[in-house]
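Read from first to last, the chains carry the letters A, B, C and D; within each, the first residue is number 1.
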Amino acid sequence: MGSIDLKKYDLRSDLIIESNLDVKHLEYKEENISVDYVHLNKDNLGKRKGDYITISFLDITDSNNFNKVLKVLNRELKKIFKLSNIKDNDKCLIIGLGNNKSTPDSLGFEVLKNIIVTRHLDELNLMDRKYRSVACLEPSVIGNTGIDSFDIIEGVNKKIKPDFVIVIDSLAAINISRIEKTIQISNTGISPGSGIGNNRPELSFESLGCKVIAIGIPTVVSSAVIVNDTINYLTKKISYQKNNLTKSKMISPNNLNYLKEESDLSNFEKEKLLGIIGTLSDSEIKSLVYEVLNPIGYNLIVSTKEIDFMIEKFGKLIGMSLNECLHKN
Amino acid sequence: MGSIDLKKYDLRSDLIIESNLDVKHLEYKEENISVDYVHLNKDNLGKRKGDYITISFLDITDSNNFNKVLKVLNRELKKIFKLSNIKDNDKCLIIGLGNNKSTPDSLGFEVLKNIIVTRHLDELNLMDRKYRSVACLEPSVIGNTGIDSFDIIEGVNKKIKPDFVIVIDSLAAINISRIEKTIQISNTGISPGSGIGNNRPELSFESLGCKVIAIGIPTVVSSAVIVNDTINYLTKKISYQKNNLTKSKMISPNNLNYLKEESDLSNFEKEKLLGIIGTLSDSEIKSLVYEVLNPIGYNLIVSTKEIDFMIEKFGKLIGMSLNECLHKN
Amino acid sequence: MGSIDLKKYDLRSDLIIESNLDVKHLEYKEENISVDYVHLNKDNLGKRKGDYITISFLDITDSNNFNKVLKVLNRELKKIFKLSNIKDNDKCLIIGLGNNKSTPDSLGFEVLKNIIVTRHLDELNLMDRKYRSVACLEPSVIGNTGIDSFDIIEGVNKKIKPDFVIVIDSLAAINISRIEKTIQISNTGISPGSGIGNNRPELSFESLGCKVIAIGIPTVVSSAVIVNDTINYLTKKISYQKNNLTKSKMISPNNLNYLKEESDLSNFEKEKLLGIIGTLSDSEIKSLVYEVLNPIGYNLIVSTKEIDFMIEKFGKLIGMSLNECLHKN
Amino acid sequence: MGSIDLKKYDLRSDLIIESNLDVKHLEYKEENISVDYVHLNKDNLGKRKGDYITISFLDITDSNNFNKVLKVLNRELKKIFKLSNIKDNDKCLIIGLGNNKSTPDSLGFEVLKNIIVTRHLDELNLMDRKYRSVACLEPSVIGNTGIDSFDIIEGVNKKIKPDFVIVIDSLAAINISRIEKTIQISNTGISPGSGIGNNRPELSFESLGCKVIAIGIPTVVSSAVIVNDTINYLTKKISYQKNNLTKSKMISPNNLNYLKEESDLSNFEKEKLLGIIGTLSDSEIKSLVYEVLNPIGYNLIVSTKEIDFMIEKFGKLIGMSLNECLHKN
């Protein structure tokens, strides 16, 4: 590829499940919902040590599916609280990261809308004992406030000294199929907006002096991902057609079996189909696209047409789950 | 009035111009817009020492009037900056107090929407020298966050250390005629929401360690005010009719001359008209109404039908004025 | 009262339960929720003939109370459908009246947010038979569109020809105690915004050619009401104190027993307390206040501090109830 | 390409300037803003006969650039009114198409926010003669209302009978470089949302019985476009590098000259680089991507990170321009 150095590019995903980490994944499934556990006992490939829970699902727009995912989310939140050794009376600060003026980045904002706050009652000893002290903070983004969200968080955190914080954020994925179909929960701390390529101080026990639970949902993929996924799906499709043309001259466009099978095109076939591109790895292709599109300065994001509607739904889902899991009753 | 103790009630106004302070008011007028200055050299009747500028006007919905008020506001803001000894390069933090979920209380929120923030550029030395470092903070209200707005402000203030803060807030008035027709600017510090009867630590040089400019607009009156104003207007009207019935048997309902004249009803006439009520002072009447309505627990506010529209307009007015006055160009 | 003619003023309420109609009210109660039925067999005092159901309650902010009111609302909605002879497959158009730029007037707008629309699926024969064809229309107000809401409604109604329409609107009350504590359902047709003194063609079987169900909630009272209610509460309080001073020299300000008892002050006592005012009827007092305040041109509304929050809650309440009652399942 | 039939796919753009029409383009430039005229005297390749004006620019976020584009827009709007033979007193109905719950599709909604409506005053003969009768309608989308936007428009249009309508809509582009950098004005009528692949009755003189001016701004590209543009930019880049490697061994990644030059790679080189893909035309590549991604059911849109902010800006730009151009003063 001429003078293009592919190594120096790295498109990062916020999702442990999309990382190339060679770690043991424990997983179990229940009809259309799967849960995946990873424990890192040391930092690794930019992923911090600790517990990661990934909930994968197909839909939450149907109230039936919504309730199924809610049930699983409740269970897993309680699990991470236990894994993080959070006590019933520990005071909680929920931080909604992101930009309420950018829909795909407004998950934190939407979640806070649904949170029942109790800290002010607790401070006045008016709070029923079955509740936990819960406060909310929405630091917005530096572009709106002129203040790094970390500075707002640290300033308020020092002042009210919660026992743990819960951080809500929109995430970036590197596979289309993850958008709006995954919830990641971790107790490892996070770097706000890292997935979207910003650089901010991380929110962690080290920086805040209290436990940090993070809840995130991928709402965007970089435009580079589209090109890469297309090439992969294309390869799979051609491969599938090659193997099945004998059985059926005509393959319906709605036949999606090819998605299930891995491509078995030879490198020669791949190169014939896609030229040099066909010989590149995923990350090489993404870097190439990044290299080509980025300098042109198109600050593009890819999201779904339903993003406004979905963000509202997820805000309700996570908000309801937190209200349920944070309090004894 | 039986066992009702009128003394212990005090309906407070946020407006110096509505106070009973016996101070010299310097004022000048320009067609439909008047400006009133007060300087207190010591705290007095719950009003803090310092400078108060009150701009009174009839309308800002017509773009012509909007621009006239904007011009005056720009001039007065620059004046208070000078009076407060604010330097061209002093770093500014603009705080939008109030509750964006309660329209009459969302002035601060609406103003922040219109502010150009520059602090993040300044921190990176990317800011054009003709600008000043400006940051924004929206602490919301304790009912939404569980955190006293003062704690959020103090925490962030300690962290970013501005040279001065500008506080925007909706105010409560005790005269209907002030609603949406007054802007009060002061350099005395304020107690958030004092007018609506909440108790919060005050925002002042003493508490924040930097100068505090406050900009407020009355958007509500307590329901007690309606009763009192009605009784006053009624007395004036009857008095006017008494004095003019000879000249004209019939007085048109649209004849508003009575508003211009003071009532000259004798105490006897007043008592005949209004009984014991007629013998009470304004503050006694307001306290009486407060005493009667409050225990019933009707948390009422009186605002205009156009409040949503007006708040947006005032947000634009103050935002534009701050953008104009904070920067060299 | 000199040349003031009290008769020509009439402050109108949108609530049948606040009218002076001498009709038989059938009512039943269940803990904190009462339901009141009126059937008019001919138009009367500006109220149209037909069925009126009034649900009165204390609170819907607590989820427990919310669900109780929801249960009652579901039952009463089904009852009015039956009384109005609405069939399972009748196509429905839900019209959200009001102004989404004025919070107290945005009930219709908030309800529509929560409605599941199906008409487009029905037109394509994609709709599951257990659903009914439901469409939504938000005509906004003439001040925003330049078009009378009636013209928009009639134009669309002619085009899509529903079997019945459901009209949602914010109402005006003439007693503080009704605000946000009443739901009125009727099958009599309505005049949009009549309560707030506008004049619009009425929405009725005569004008639209299909049945009209109206659902309304009082969100505002005119400022005149405050004065009148204050005077009434005051009279009650003084009367109560007169009768109880023997038993207890001191009556605590939080003693609200006086609200439960009727005033038994003699006309002489009333006049001593309130002068001529004390001798006026409610409607005379309201008219008097109206006469005094109105020419001054203060376009005031009285609502609760929580109106933004409450409107959202009621939007959810009515929306959920309509989704439940309009479809077979 | 196996059994894939490329012909049957056609990714449509809403922009005449992106069409393959072989028509005479008259254009002129003024620093960073260019205007392009096309007149079709008969329908052609799915584009209707009439006048098309395309304004291209780089930025409207800087107030300086905003005002420059506004000036040009005002001039071109007045021009299309003249071309369409619109009289000073012709009554106007402005229709904001699209979905206010989907940011990239909410341009119409944002524009209406900024329109001064006068029709209601005109109907009451209260309108100053220097104004024109202007009304607004926001039909929303069938998914929100259950009613085809065309039915709402036709119903209201029949009722209020304007002399001409102005239709505002978000458009879909097929080149990244068009997003948020183009305004298209036409007097040819439009098919709502055609660009996003929906099918609705068109809004035209034939269907509405009055002149139809359309104003649109491309806010999204289909994901297929990303792949295609990437491949084109890639080819250009490689071609450029091939031609310039002699002069400089190393080409900086920020060297964007390659964008200015056309690729001169031979078919052999193209195929070596991109395989079969390299031999396909743009529309073949887009169809291929469409074929691969679509069945997987990812309803993706590509927009910019700033879309929420930009939509608000464009709403203001077009709103201000319409207020300026529709009235005599």
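Methods note: a residue touches a chain if its C-beta (ideal position, glycine included) is under 8 Å from a C-beta of that chain, and two chains touch if they have at least 3 such contacts.
As the structure is a prediction and not an experimental result, all values here were calculated from the model.
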Check your understanding: Counting one step per pair of touching chains, how few steps separate chain A from chain D?
Key -> 1
Check your understanding: Measuring from the mean C-alpha position of chain A to the mean C-alpha position of chain C, what distance in angstrom results?
Key -> 46
Check your understanding: Any idea how many Å lie between the Cα centroids of chain B and chain C?
Key -> 33
**Study point:** Two or more partner chains touched - positions in chain D
**Key:** none
Point to revise | Every chain pair in contact, whichever chains are involved | key: A-B, A-D, B-C, C-D
Revision key, fill the gap. Listed in rising order, chain A residues that touch chain B in their complex are 117-121, 133-138, 140, 142-148, 151-152, 154-160
Revision key, fill the gap. As the complex stands, chain C meets chain B at residues 1-3, 101-103, 176-177, 179, 196, 223, 226-227, 229-230, 233-234, 237-238, 241-242, 245, 249-251, 253-254, 256, 259, 271-278, 288-289, 291-293, 295-296, 298-309
